[in-house]
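Only one structure is covered here, and it is reproduced in the block below.
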Amino acid sequence: MSQMIKAGLVGVTGYTGMELARLMVHHSSMELVCATSRSEAGKTLADIYPFLNRLPLGSLVITRPDPAELARECDVVFLAVPHKTAMEIAAALLAEGVKVVDLSADFRLNDQATYEQWYATPHTHPELLAEAVYGLPELYLDKIMGARLIANPGCYPTSAILGLAPAVSAGLAESDGIVVDAKSGTTGAGRGAKVPFLFCEVHDNFRAYGLPTHRHTPEIEQEVSKLAGTPVTLSFNTHLLPIDRGILSTIYTRLTREATLDEVHALYTEFYADKPFVRVLPQKQLPETRNVRGTVFCDIGLVVDPRTNRLIILSAIDNLCRGASGQALMNANLICGLDPDEGIPMAPMMP
Amino acid sequence: MSQMIKAGLVGVTGYTGMELARLMVHHSSMELVCATSRSEAGKTLADIYPFLNRLPLGSLVITRPDPAELARECDVVFLAVPHKTAMEIAAALLAEGVKVVDLSADFRLNDQATYEQWYATPHTHPELLAEAVYGLPELYLDKIMGARLIANPGCYPTSAILGLAPAVSAGLAESDGIVVDAKSGTTGAGRGAKVPFLFCEVHDNFRAYGLPTHRHTPEIEQEVSKLAGTPVTLSFNTHLLPIDRGILSTIYTRLTREATLDEVHALYTEFYADKPFVRVLPQKQLPETRNVRGTVFCDIGLVVDPRTNRLIILSAIDNLCRGASGQALMNANLICGLDPDEGIPMAPMMP
Amino acid sequence: MSQMIKAGLVGVTGYTGMELARLMVHHSSMELVCATSRSEAGKTLADIYPFLNRLPLGSLVITRPDPAELARECDVVFLAVPHKTAMEIAAALLAEGVKVVDLSADFRLNDQATYEQWYATPHTHPELLAEAVYGLPELYLDKIMGARLIANPGCYPTSAILGLAPAVSAGLAESDGIVVDAKSGTTGAGRGAKVPFLFCEVHDNFRAYGLPTHRHTPEIEQEVSKLAGTPVTLSFNTHLLPIDRGILSTIYTRLTREATLDEVHALYTEFYADKPFVRVLPQKQLPETRNVRGTVFCDIGLVVDPRTNRLIILSAIDNLCRGASGQALMNANLICGLDPDEGIPMAPMMP
Amino acid sequence: MSQMIKAGLVGVTGYTGMELARLMVHHSSMELVCATSRSEAGKTLADIYPFLNRLPLGSLVITRPDPAELARECDVVFLAVPHKTAMEIAAALLAEGVKVVDLSADFRLNDQATYEQWYATPHTHPELLAEAVYGLPELYLDKIMGARLIANPGCYPTSAILGLAPAVSAGLAESDGIVVDAKSGTTGAGRGAKVPFLFCEVHDNFRAYGLPTHRHTPEIEQEVSKLAGTPVTLSFNTHLLPIDRGILSTIYTRLTREATLDEVHALYTEFYADKPFVRVLPQKQLPETRNVRGTVFCDIGLVVDPRTNRLIILSAIDNLCRGASGQALMNANLICGLDPDEGIPMAPMMP
């Protein structure tokens, strides 16, 4: 076991930290050796997560976050803390020579000004923006493999970008007028104690939120613009689902020319042919969040509507796994020289 | 009590029948005297609906549907049966001189050919299409009051049309390129025993369905075209929510000119000033399905997005109450000379 | 409207306050004229509860709690605040001559020492314990009508006591060895912002809590002992359901003698013959929480098991309505000389 | 891969078949080579289970059940079909020399008459009853390893027996008067299309069912009697939870003598010390269904109540995994000479 890659996790008490702990249980080449939390230091993982009782990981003692110690113990560190906090720790860890996978938004936007505008805070480490690699393996595999610092994509952006990439890069969808109507499970809201996310406020209810300025907007626009080869402004809007996990994005585009479903389907199938975690569904099938629950799959369904000359793309992921910790683990695998799917669950939890 | 209006209900075993039974419990001027079902005839309402135990309505004995008998007993009859069946019973009842509120789609489309195309069946009573009044009280109050035959609007159309009416009729929203992204609770799928609607297939899951040819499309286009004064083709797409009741439609339009939220909000508030069941929410508030649960309210939230020059309208109703039986009861009240809100619950079930 | 009874509500932000607001919407003889909250004073009810938009009650301005002002404005005041706080306000209001319905536990236990032991706090107004009437109308109707101070029963006790009353008072069930296995919806946990009651902690999960010392135990034992005519110690244990509203108590007793279901059913039917809000279900029917949702009904199902010589009683209520605010409103009606069911909804929200 | 153990699955369309397919995705020593269904023959697994898209298992073509073919292709066959059907196929397969893990109830009861009484049907292969091994590894490990025919335990019995075993076999709990109050997720009701299990009939609802004669009663009594060394009659009662997976049994026993929680906890910990899939929780912790979701863990919490002299045992499993297909796979592993945990997921799906 001395050959195991040693990983650290800063911020274990949120849902992304919890999810990373879940995933590490089955990893055979990487081991979680540090888990930090200011509020829970001194407890074991099983103390705060009884689902880890009688598992080896359950006996890991939580420590207070200390970059020097993390650097001593770990080959790679996951940051599952809020933005702003993340950029400080990331810089400290990189200075100590540790690889970092940052699950926050701090290094996702290439442009400092855009970051500061949408997140309303100064970026204190702009020197790292150019180095950070946007960790979407389907688009940036080679860069990820050589990176020190991964900006792990946002959950909504992952679903939207993977859904749009083939059509936009092929020029089949107009880059203007795109609408992304996205719906997310409630783990996306985090694990903070807030009345609007109490069971009785979410259950048997449905609502939109954050319109029209969700912070994931510039991240989606940045990546879709690159794919389109032209600046894209789109309408991105979010809703809260009474489910634990899962994002479904319904993406409305207009076709630049007449196209059949056969043609569009072939384009998507080809685009993702060698990318096994994106599943372009058979024609007429539409994705469901449960079919990707607990995995890194992105399921894509395609609808061509000749009445309105639209291509409608439906893209489903698990917001916690593919949209956060599972993708982070794929990135950590890649920057540590492992296969991307080591320790990654393939079988969705059904039902 | 001899002055009570006598109502009949054809098709008591579905969710719309169940909802109508619920509403009639509190009605003080109208009484359910006939409830029919081929499969459950001979039982009492409380036998099939234990929630009616010890209530007077619970002891009503279900009968087999018989237009002559319904005509003898009733002043008005609700049809809560599938399309095709409804048109036959409606014609028979009208011939017997009874007023009819039809909850099916059979008389909603003014144009016979459109009906036959979207519903893939001949219309056997096209002579009634011109007479039938589309029962959306906010738009057709006067016509409803004088009608013999009400085509009770579909659930999705109710939410979409009420959401679009002020902007479209004022020419503020482009009539081209509208997208209605709608999400419905599972009662909308009916009460038939089908695997895809089992608890374990719907719970903790989210999916789209029926794209891009949901049968409510021509109904929405018909009414929005009238409001716009020009033929409108729009993209209408539906999703299944793991909740019992509620529709939220997120409606994307492009502004025909620059407009502030203040201006749009004033337009909507004015449009619905004397229509108490549509609630234009205060600015920045967005509707939630729970806030209308069990009522006929339609809650509307408005978002102006200058980045994309869009007006986004969020419209929430209870699909069973406003979207079906509650609206049917308002229509029945109106054609029987009662106030529209008699027997209509005002307080949503919260939470 | 000058004849309307004027009611006040201290503590409007919790679920019991919210439920009382919902109920008052339809009351035709009582009007909510004061609603207090320290944290939300100055806002209208519709500001915090958008479900009240466009309803008259929505425009009521929340004030800070002030016994003198409440006494000037109100005939009766509901206390929907935590125990300890309630006893102080109750005493102040009674001193001002206002009738009080206290939804907390402060006046439910006749014995001061028992209160102080189970609630681990001194009782500062023991002089009121003898005067307070336990507000379970099926057992104490006459006393309630003459009371100044109502101790509104706890949610679990309401279901357990109504379930046990006929069998225990008839000596049919052994008073020893009773087990009450109770399951409650999550509104019962209150509206405080706490991680264990977040949606993602409750949804798709089930657990027990508080075993074996739930504070409702002495309240149940007090009332069951009175019915049995002998001190009763029982095992009362609680579970958290991933639903909004509803309690189902499964109550295990041993028969003191052989008895048929016919006999037991007749006993229960007779006991509740003139008490319309308890529904002894037909034989073989078992209660469901949804059948009482939003109402004050208590549905009781009976099972006789000759193999184990047990009578098993299943008792379902809505914990917020019958278990709190609905029962409080019945009590307020009674102490103000109204019929108990004025303003009380009869039709459960189904589904 | 030629060394892979080849498994067959008869009855792939129900939830236990679906769960077995999920589990086989990750098995590295056993391969599903046959999956049968009369209604879906000819389709691939991915056709009926889109969650298997792009996974190797997804391309397996479903066939009609044929014992001869199953015997040719498979080393071991899982029967996920209803009782009665199972006994016929089991006998045919055994005659062909194939090992069988039967998930139905057909071989669980040692006594033919008891089976015929509770299941109201003749047993056509009583000659196999003595040979069949009750597949609860914690109790029958050695017998399982040498068996040809495994009677895979019922879901409720698994939770009840594991919960009771230490206390009953140690004589700490009275064998008389035991109450098992059990609550199950809705997958336990199967995947048949029936109105009572539609989403809108189960969601936001809770009810008991089947009282007091659930068919799992004699199975529990049989095993608990063996542990007690004396015939045990107990009260076993079941409830339907609005969750997908999970059983929580609250088990009420009376202590045969005074005992502290320390003592009881030590007894349980010792009993399960070398049985890693039963987790006796730390004192004061109570089990939650989510903590075992998707795994074969049985989590046990212990409560000693001196007021009532009771030991209350809370036992949680995943009804589909530990209660059916996961336990079946452990048994198949064991009878094929593999470690019991091969291919068995250790990390619960949280949340």
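We just call them A, B, C and D in the order they show up, numbering each chain from 1.
The definition used in the following text is that a contact is a pair of C-beta atoms (placed from the backbone, for glycine too) under 8 Å apart; a residue touches a chain by one contact, two chains touch by 3 or more.
Predicted model, so just to flag it, every value in this text is computed and none were measured.
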item: Shared interface numbering between chain C and chain A [over half = same, under half = different]; value: same
item: Repeat of the B-C interface, chosen from A-B, C-D or A-D (over half of contact pairs identical by residue number); value: A-D
item: Of A-D and B-D, pair with higher C-beta contact tally; value: A-D
item: Centre distance in Å when chain C and chain D are each reduced to the mean of their C-alpha atoms; value: 39
item: Separation of chain B from chain D, taking each centre as the mean of its C-alpha atoms, in whole Å; value: 46
item: Chain centre separation in whole Å, for chain D relative to chain A (CA means); value: 36
item: Residues within chain A bordering two or more other chains; value: 15, 185, 187, 200-201, 203-204, 242-245, 288, 290, 293, 351
item: Chain C to chain B touching residues, read off their complex; value: 15, 18-19, 22-23, 25-26, 49-51, 53-55, 187, 203-204, 244-245, 276, 279, 281-282, 285, 288, 290-294, 297, 299, 345-351
item: Residue ranges of chain C touching chain A (in the complex, touch as defined); value: 15, 185-187, 191, 193-195, 197-204, 242-244
item: Complex contacts: residues of chain C adjacent to chain D; value: 177, 179, 181, 183, 185, 200-201, 203-209, 211-212, 233-235, 237, 239, 241-246, 248, 250, 252, 254, 286-290, 293, 301, 303, 305, 307-308, 310, 312, 314, 351
